[in-house]
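Consider the two complexes below, in which subunit A is the common component and subunit B and subunit C are the respective partners.
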Partner chain A sequence: MREKGCYLGIDVGSVSTNLVIIDSYGNILEKLYLKTGGQPIKAIRSGINILADVFGQSIDILGAGTTGSGRQLANVIIGSDIVKNEITSHAVAAQKLVPNVRTILEIGGQDSKIILVRNGVVYDFAMNTVCAAGTGSFLDRQASRLEIPIEEFGKYALSSTLAVRIAGRCAVFAESDMIHKQQTGHSIEDIINGLCEALVRNYMNNLAKGKELAEPIVFQGGVAANQGIVAAFERELKAKIIIPEYYDVMGAYGAALMAREKMRHKAYKTNFVGFDISKKDYKVSTMECHDCSNMCELIKIISDDVVLARWGDRCGKWSELDRNYGQVSLGH
Partner chain B sequence: MSIKVGIPRSLFYYQMYPLWQTFFEELGAEVVVSENTSKKILDDGVRICVDEACLPVKLFHGHVISLKDRVDYLFIPRMTSISKGEYICPKVGGLPDMIRSSIKGLPEIIDVEINLRKSGSSELESALDIGSYVCKDGRRIKRAYIKALDKFNEYKADVERGFIPGDDINRKRNIYVVKNSELLNIAIIGHPYNLYDSYVNMNLISKLRGDGINIITHEMVSEEIINSYADKLNKKVFWNFGRKALGSVRHFVERNDIKGIIFVVSFGCGIDAFIGDLAERIVRRNSSIPFMFISLDEHSGEAGLDTRLEAFTDMIRWRSKNESNFSAHG
Partner chain C sequence: MKVTFPHMGNTYIPVKALLDELGIEYVIPPFNNKKALELGTKYAPEMACLPLKINLGNFIQAHELGADLILISGGCGPCRFGYYGEMHREILKDLGFNMEVFTLDISKKDISGFLRNIKRITGEFKPYKILKAIKKTAEVSKQVDELERLSFKIRPREIVKGSADRIYKSFQNSVLNKKGAKEIKELIDFTRKNLLDIETDKSLDPIKIGIVGEIYTTNDPFTNFRIESRLGNEGAEVMRPVTVSGWIIDHMIKKALGLKGDESYKEAAKPYLGAMIGGHTQETIGNTVLLAKDGYDGIIQILPLGCMPEIVSESILPSIERDLNIPVLTLIIDEMTGEAGYLTRIEAFVDLLKRRKEEGLIAGKRMLSWN
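Right after this comes the complex of A and B.
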């Protein structure tokens, strides 16, 4: 049966690219968690490809939303109706799954965030400052250094009897502390447990300082899969941490929900270009503009010889050229 | 041919330029300002400056490099204190020495100390010293200084009325304060060299404006108001910027038209670390106004900044929608 009115959400993050399809009630029909692998366009296309295989012609996409640090890029490729920041997206998704949520902990690939919700609205938030210590990409790197699959990483911490002290302020110091402890003979379980505690300590200090972390507390983002971190958070906060069912794709889910919210009240047609984007050819070229001493690094996205978008210029003279983001040339 | 005095478009340029420019021009000198901050200036500065300096000091080095071969003098006053009982950051005070030890082939530096910390110390004396580099007539220097002060006061009055200086301090970014109920008032506090240098702050001002924000900076708050609020602080703040920042934060918290406060800090700035934290406490203890730090450094990835700004304004709109009893999902 042809499902009426579905919505697509895409979250292009530094480590993962996630896609979600929801129905008109906001229920998730399909979710994908793909590694971005440094190639966001490839990840977006393969995600769309998989969705096309799963649904074929059986659904109509009435609206699409993009989020994550690659949200503009995703918007150019798929044509979306709403482009939103990750904080708003995560808050919307958490409230859908845990309606009375008051605190959202979110740790992704290179960002970590805390979002406080009061009376159903985002009341306060904070993001990590300049260092990415304690985020997914650092854990990924440590897991591969220790030759432990990232999926198993957190389990090791659970069987530890003692958490050794690891510096959590800085990824470089944390790594040298871990190596030092490993050379003195500490078990891998204790070192990983120590790392989990260090990361939580750093998170509390960097993001949660001075904030009231009221229950219910939801933990989402890719790192929520790490049981060691979850346990360390529970010890630190002395509270139950709720991991929502779709914890790893909450950004994409939020983007889909916002697309639904926007489009269901509006008469206009979605900008979504359709599932056949995998048949199109996308190229990215970069150049340095030498028209002034800023020497901006320009990015140009080209599809089938049509320039879809350019960005990276400070003055705006290149990005202005393709203001409508190529939606016309994609056959609308 | 007139004497060329070079002024780096950096640090105190963003506060004092109308004064400096008028003063030197009245004395018959030609004022040359380095161009707007660019990747080249940043790269040059980062390469030559000591590693542990903050980004603004590194940028200053870059601006000096771009100027040094085009001018007869470089104007780098030793800014120890610009008002009674207060200090400026030690790196700014030691700037002429840092520049001399890091950069080769410099023209003569006008590095007269400006120290108004003690009562009785006079600005005019410093002005006479500075002027003597380009003019030998004491009366003319005095006249030039008085004229420059007039220009400077005019400029400060413009800023208090709501003008935001652009990268070129003489070019205003906004001539009229928009009184439109649709616009959200957001207060922005930060060193002027961070607020007005659009390269360093990645177009912070125009990004917020483009999102329907009316910006109120701490520089728009009058000295009287700042002082009256600064007097209420537990302890005297002896940094010039610190007093202004904390005095204006206390004032913003009591106004009912400020919907959010953004504190722009330089990564690694000691003064910002103290003052920012105190400012956050004032805001959180005395109000429910949303507060956010924006931390600037060498990174040029704008996604992080865009996400924070967008989430911040989203949150404010969401909150005010909710307060006026509209559905948040409407």
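Right after this comes the complex of A and C.
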């Protein structure tokens, strides 16, 4: 049966690139969680490829949304109808799955956020500012250093009897401290448990300070798969933590939902270029503009010898070129 | 002798007017840029705050253009800025640059010392000429601020996005070719007319955001990644109470003359902070309260990493956020700040404010219909 009216959401993050296809009711038909591996374009293309294999010609994409740190790039490649930041996307997705949610904890690859929702709208948020300790990449690194698969990492914490106190403020110091505790003979379980507690403590001090964390509390992002962190959050907050079904692709889900909302309100055709983007060739080149003292680093995306987009300039003279603004003189 | 001075947003315009009027030879450093920041970061102590680093870069770049005397103002509040002059002097000496540093610290106690310094630079002492130049400078700085405020109002409302940016940027560049307060004021008039000619949507009721925090990072667009222009182009009207003219007029001139400036912020800050504790903390707290009561939708606080006074503000702001129901976003900047993450936070904050405003309007309508 040909599914009418589907929407695509893509979240290009530092660690993972996620794709979600939803139907017109907002139900997820397919979700993909792929490693970005430092090559976002490749990840986007292979994601689209997989979706093309699964659905082939059986669905119509009526709208597409992109989010995550690579949202501009994804937008250029797939042609999306809405480009949104991660905070809004995560909030939209959480509200869909847990309609009365009031607090959203999100820990991804390189950043962590807290989002407070009141009366159905994002009321306040905070994002880690200075250090990425406690985010997915750091846990990944520790798991591989201890030679434990990341999927198992959290379980170790659950069998611990005592949490060793780890200095969690900074990723580098936390690692030295963990090594120190290993050398003094603490068990791996207790160290991992200690690390989970340190990271939660760090999160609470950095992001949640002065904020009222009302229930229901939802925890999402890749790190929500870590049972040790979940347990540490429950102990710290003395509350039940809800892990939504699609916790690992919430950004992409939110982007798809927003694309659906936008396209439903306004009757225009989607910008989505179609599933055959894998046949096209994409190149990225960088250059430094020397027209003024800012020396901006420019990124140029080229597909089949056509410049799709340029960005990175502070004055806008390069990025505007491709928006058909015509060449304008901007002083220096 | 060739004078130079540090950049901070539009400060170069009134300072240029002053030096032109006094007939002093000077070099304006290249606008704040990556190279200046790199130079400053290389030679300044790592824990020094960002403004010190950028200014150090300004001086080195000005030296390349022939400057040998640095004019900076001294800090009257107990923040690190107070010893910038000494720091810069020592660092530049260690690097082998032959540059003199002049600190214009105008305090009530030492106005004669200040005048002596001016005499040394101008080579003559004509109080009437100096006072006239200061008066003209104050006028220029006031007009520059008014022009900036006009751009804040135009940006969210303009039909063709980027129009105000283009005109304003062209002003900032062309002003370098003008000489003296009169020519600068003419250019300001010309620019104001151009800005007012931009076609705008007059029915639009944009969200309003107040910018508070440390003076350098809030006033300098290179440092804060052009936050005012970005917010404006995202459809937000911006207000920044702490400005260059406010600083020059209230902080320097009125203080020197023993006059009081506008101190309503002190009164407003009182329930949270009863004393001056350095930097612009009292302004940050007081202005946040005033803006919240004035119906602003949100507040953005900006500070350089490690800024002691603003760290205090940061810990007070959540109480105001709660008491007056106004969202506050804190942005901390240093030479390592990644632009992408910074912009994500700004974009999300604007989204939040827009949704809250819509929600508020809906709730407001509901209440009306109940009555």
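What we mean here is this: the second predicted complex is superposed on the first by the 323 of 332 C-alpha atoms of A that agree within 3 Å, B and C clash if a C-alpha of one lies under 4 Å from a C-alpha of the other, contacts with A are read in each partner's own complex, and residues count from 1 in each chain.
Simple rule for what comes next: a contact is a pair of C-beta atoms (placed from the backbone, for glycine too) under 8 Å apart; a residue touches a chain by one contact, two chains touch by 3 or more.
A quick note: this is a predicted structure, and the numbers were derived from the prediction, not measured.
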Subunit C versus subunit B on the shared subunit A, clash or fit after superposition: clash
Touched partner set for A:162, first subunit B, second subunit C, both or neither: neither
Touching partner for A:261 - first (subunit B), second (subunit C), both, neither: first
Contacts of A:87 with subunit B and subunit C, given as first, second, both or neither: both
Touched partner set for A:172, first subunit B, second subunit C, both or neither: neither
Subunit B versus subunit C as contact partner of A:295, first or second or both or neither: both
Contacts of A:315 with subunit B and subunit C, given as first, second, both or neither: second
Subunit B versus subunit C as contact partner of A:287, first or second or both or neither: neither
First, second, both or neither for A:214, with subunit B first and subunit C second: neither
First (subunit B), second (subunit C), both or neither touched by A:122: both
Superposition-derived comparison: subunit B or subunit C, residues of subunit A touched: C
Shared contact residues on subunit A - subunit B and subunit C: 69, 84-88, 111, 119-125, 127, 129-130, 210, 292-295, 314
Footprint of subunit B on subunit A - complex, ascending: 69, 84-88, 111, 119-127, 129-130, 210, 261, 292-296, 314
In the complex, subunit A residues that touch subunit C: 69, 84-88, 111, 119-125, 127, 129-130, 209-211, 292-295, 314-316, 320, 325, 328, 330-332
Residue ranges of subunit B touching subunit A (in the complex, touch as defined): 35, 38-41, 198-199, 203, 267, 280-281, 284, 290, 292-293, 295, 297, 299, 303-304, 306-308, 310-312, 314-315, 318-319, 321-322, 328-329
Residue ranges of subunit C in contact with subunit A within the complex: 30-31, 33-36, 162, 165-166, 169-170, 172-174, 222, 226, 305, 318-319, 321-322, 327, 330-332, 340-341, 344-345, 347-349, 351-352, 355-356, 359
